[in-house]
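Note that chain A is present in both complexes that follow, paired respectively with chain B and with chain C.
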Partner chain A sequence: MNPEQAFRNLAGDFYTRSLQPGPTENTLILNMGPQHPSTHGVLRIVLELDGEYILRADPVLGYIHRMHEKMGEVKTFAQYLPNMGRVDYLHALAWNWAYVGAVEKLCGVEVSERAEYLRVVTSEMNRISSHFVWWGAYLLDLGAFTPIMYAFDDREWLLDLLQIVTGSRLTYCYFRFGGVSDDVTPEFVEGTLKWCEHMRERLPMYKALVTDNVILRNRCEEIGPIDLDMARRYGATGPVLRGSGVAYDVRRAEPYSVYDRFQFEIPVGTGAGDAMDRYLVRLAEIEQSLNIIEQALKTLPEGPHMHEKAPKRLKAPKGETYFAVEGARGKIGVHLLSDGGKNPYRVKLRAPGFSNLSLFAELVRGVLLADAVSILGSLDMVIPEIDR
Partner chain B sequence: MSFTWIEKLEAEKKTETDYRKSGSRWEVVVKPEQVEAAARAAWDAGYFIEDISVVDLQEGFLVVYHFDHWQSPGRVTFKVLVPHEKPEVPTISHIHSGANWHERESFDFFGVVFTGHPDLKPLLLPDDLGFHPLLKKPEERASLDAIANVPEKPQEKPQEASGQAP
Partner chain C sequence: MNVLGIHIAIELIQIVVAVVVFLAFIGVNVLILVLMERKVAGRFQRRPGPFEVGPHGSLQTLADAVKMMAKELHTPGGADKILFWAAPIITFAPVVVCFMPVPFGPKYLTGWEMNLGVVLILAFSGLGVFGICLAGWSSNNKYSLIGAARAVAQSVAYEIPLLLSVLAVAFQVGSLNLSVITAGQGSWPWQWNVVVQPLSFFIFFVSTLGETNRAPFDLPEAESELTAGFHTEYSGMGFGVFFMAEYAAMVVVCSVGTILFLGGWNGPLVNGPWWFLAKVYGLLFVMMWLRWTFPRVRFDQLLNINWKWLTPLALLNLLVVALMVKLV
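Let's turn to the complex of A and B:
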């Protein structure tokens, strides 16, 4: 390598250089990620630091960008379905639902009633498993190792149950246009109800062991408060928004499927909208999801798991539609256009994590680097979903 | 739910649409120079930005803005058509900060330039890629009338109704 080349590398790449020197002297440009353990995947943040304090932050995305939207245009409607489990690997079934729901809306496909219930049950189970991973990993970021072991222990049972119906453990592709791919077995229903009972015994232990812990509270309370103005400007949704006290949940706001038949609460933060509020909202959501699962399984209607009129070969009419569901991280939207061909003309995927992460740069201005780790974890990002 | 703010908007065309079919309550077609005022009115009415989606059509790029409301949910869609030769739309990132990344992403994928954007650099794609991957070939482009509005009634029943899916 010639000396000139070496110096060019020292100056950093495009993104490091594009963070122009700031108003103060003696600042340090630091690359956090893309392999930093607290960025959960491959997120990189270029930081400008004054000592331990962050002056500016610039998230750099795209390290796991797979051009899902282009794949939507070169695959048929049905072929694109497995992609959905890969967009957000933690709440794959919500993405299944957002896409399948958009196609059903566009083509006027009806869904059988039993399938609607099964969609609710599996999607809520998946939401809980997503929150478990967040919970364990977030505490790992904050220096507590044990909780992830408990979370993964409970999650393992949950994944075993989901494996019975969906056949997979992470990147589910269970929903079909007009229903779901397979019916549930009596063992699944029984096992899930038993697991719900087990979880209700475990959650108080989670609280006693972790939530009430003074070290956790000091790392989360009054850290990264998001006010309503900021939340609305950036289009934050999901627990990040609800932590700030807004009871906005797509399951209630734009009820889809059979969610209007179940009793459940929308947990919201109590005060500042800080990291602790977001933490508490997610834990409360686990309990609410358990409520939904139990109600749905106890009133599970008989019938086929696919609608009799479900299309064998899908032919989409010309048109445009938008369909949104509530994922573990917030509002998942699919904007779908069809020109009447066998492939979608355009698929736009709205990832909740994308909007939630976009407020990070403003939020961490002036905070300690160690607190930025806590804030980042409290946003619960899944990078494949953000990069798509 | 009050939509008087939409009725007051300056726009080319305003349509109240069937929410269950199109996913939007209102579809408002605006000129590029009216985008900022429309985004401002949406902000004042309490709306937040969901996303910005671009569609490549024969007539040009259709830039689609989706907005929604916390307390009175119901999507409002703004649509702007800009020609391929001069794909420029004013930025709304100074009103809805979240639009910043959506605009950068749209610039990545389609090359639509959002004028006045504070930092229109690549977001998801490499900085030296040199092309816009979601552009369609001219012969593949559909016309605006064909797809960008949900027809009132589908002309034909789209699916054959028999049997179970595989």
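Let's turn to the complex of A and C:
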């Protein structure tokens, strides 16, 4: 066997080789990722191609598995808190909230009213920053280089604001059992309201320049349609489900915290649940989040940022609890099981990205390679959340 | 020695000199263009662009070129070594020849005066895709192969409306000599062919975007789908030569566009090569503008634009022009 032949035989690993036998002989096994510009991190997809048409797609997970659930079992309740910012780094505060909420529910800890408002404000700001990253990256997937710079420019201002209150810019650990770690300053309130005004000027410009572009429309419309039945079968949540026309939002369906006090709409897709619907839903959500932030800041109650009765040392009773919040990507759930010890007995994290990604294999069957990139982008993946 | 022999010798020396001059011209222009592209992209994206090397980053591309030359030329395992390294040269060489019949100025500034200048440029610009095809095939990389397949389909498709739009001008002028076509247009913008044939210019410009693989038609190297397309496996100057070929091809098509439609070196006040270069760079700026503004089209959409719209439109345009030439 000559060296070249040996090289060819070694090509591929378990996943690529196990996908090898195709329906016809004229197919190509293409390995997309874990290092690929548009798989957003370390997602790997093994594709079987006929020309540029995809016959089969097989997502391979686990490249950034960090045992977050196992870590929960060996850390105390408070020690586990910083892990939450690392599960989904784009919407860290929603994960903060899901975990803190679950612990508060389990232990019966009350939260001060001001802290509830601050949680709403910061979490919604974080949702917007997450949607901005998605927006820029999705257009980058579609070959438009410029929008991401505008998105990151606006996001930069937002991160500066969040840095004032939380002290960090990406992996926040701001929520505490019974409140939040720090109170806001008047500069933050003023700056955020000013930023909201700025965003209301920018969003119509983005619509005119990007959303209404005919090339973008052709790349998104009728691409990757998800019907209601399919969304249910895979347990899709968040903008993916709402893009298919279901107005399911945890903030409205199972109101937690003070969300029932604010006026906001649940944007839903009007078409076939295609990539364009998901795109429009996310952009509309940015506006709704701006509404919530403005309402919350204008009615921000006075008071302490931590509840007076918040426990210095947490004593968890024996029991089981589940708490869900609405993240940027869908329903984030934390299932907590305690045996009365200082550590949780078991933590189960429900990542919306995992369910949304499972749609991918069915969606891309028979589409072009370029459409697969568009579909993957429209599902808004954050791989660390999927692998946990 | 007879007279014919001396003529051939003079002609050959002239060609050699011209090729050397054009190589230098390409080198300088690529350096300027890469910097311009990055500066333009920067301005479009709310950032200053390269700013560290030299005043306002003006020496950035020079530094990049040094870096590129210093890099190892790596041949991937399983690649066809000869074809793999021949491919960048095969892509680059025809572009140099394309400059030969281009009249840069009113006198003496033409590499090789010839009656079939347009044909020569079209013939040699079509050869570039041959190198891309070889690069994709010999890399032993699936992304490269898909990129090469796209490049071939795209070039073949977009050459047809390009040819038809160029023919429309040739019909009108009655010559394929670029110097004659330039001389047929006046100094002022309303005396240029673009006023007579705006549709031809539009078809020509859109086709050149497809022909030079520029965004929004940069599918052979679509980075979000194919990582880098046909030049995925190239390192150092292997990639550098492809890069130079792409920019040189842009200069060629913009030069041809300038000559055919925008009056070449004709311009208000004083005719000369400065007008030619100004117009070429104007067209290049529009190309960059498009690249940093639009998303990329999908491959089937790209071919649909060509076969369903551009080619029929170009044919119709040619028919109308031919009819008008006969009637007027």
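Methods note: the second predicted complex is superposed on the first by the 377 of 388 C-alpha atoms of A that agree within 3 Å, B and C clash if a C-alpha of one lies under 4 Å from a C-alpha of the other, contacts with A are read in each partner's own complex, and residues count from 1 in each chain.
Here is the rule we use: contacts are C-beta pairs under 8 Å (C-beta built on N, C-alpha and C of every residue); 3 or more make two chains touch, one makes a residue touch a chain.
These numbers come from a predicted model, not from an experiment.
*Asks:* After aligning the two structures on chain A, examine chain B and chain C and state clash or fit.
*Replies:* When both complexes are placed onto chain A, chain B and chain C end up side by side without any clash.
*Asks:* Please work out whether A:70 is in contact with chain B alone, chain C alone, both, or neither, and reply first, second, both or neither.
*Replies:* Only chain B is touched by A:70; chain C is not.
*Asks:* Put chain A at the vertex: what angle do the Cα centres of chain B and chain C make there, to the nearest 10 degrees?
*Replies:* 140
*Asks:* For A:139 in the superposed arrangement: first (chain B), second (chain C), both or neither?
*Replies:* In the superposed model, A:139 contacts chain C only, not chain B.
*Asks:* With both structures superposed, pick whichever of chain B and chain C touches the larger number of chain A residues.
*Replies:* Between chain B and chain C, the winner on chain A residue contacts is B.
*Asks:* Of the two partner chains, chain B (first) and chain C (second), which one does A:96 touch, if any: first, second, both, or neither?
*Replies:* Neither: A:96 stays clear of chain B and chain C.
*Asks:* Per the contact definition in the header, classify A:166: touching chain B only (first), chain C only (second), both, or neither.
*Replies:* neither
*Asks:* Touching A:149, do we find chain B (first), chain C (second), both, or neither?
*Replies:* second
*Asks:* Which holds for A:310: it touches chain B only (first), chain C only (second), both, or neither?
*Replies:* first
*Asks:* Looking at the superposed set of three chains, what is the minimum CA distance between chain B and chain C in Å?
*Replies:* Comparing every C-alpha of chain B with every C-alpha of chain C, the smallest gap is 24 Å.
*Asks:* Touching chain A in the complex: which residues of chain C?
*Replies:* Within the complex, chain C touches chain A at residues 41, 44-47, 77-78, 142-143, 146, 215-216, 218, 222-227, 291-301.
*Asks:* Going by the contact rule set out above, which residues of chain B touch chain A in the complex?
*Replies:* Its residues touching chain A are 20-24, 46, 48-51, 53, 55-56, 64, 66, 68, 70, 73, 75, 77, 96-98, 100-101, 109, 119, 121-128, 133-134, 142, 146-151, 154-156, 158-166.
*Asks:* So in the complex, which bits of chain A are touching chain C?
*Replies:* Residues of chain A touching chain C: 4, 7-8, 28, 30-31, 36-38, 52, 139-146, 149-150, 153, 213, 215-216, 218-219, 368-371, 373.
*Asks:* Report the residues of chain A in contact with chain B in the complex, numbered from low to high.
*Replies:* The contact residues of chain A facing chain B are 14-15, 18, 61-62, 65, 67, 69-70, 73, 102, 105, 107-109, 176-179, 230-236, 241, 246, 248, 253-254, 304, 306, 308-324, 331, 333, 335, 337-340, 345-346, 348, 350, 354-355, 358-359, 362, 387-388.
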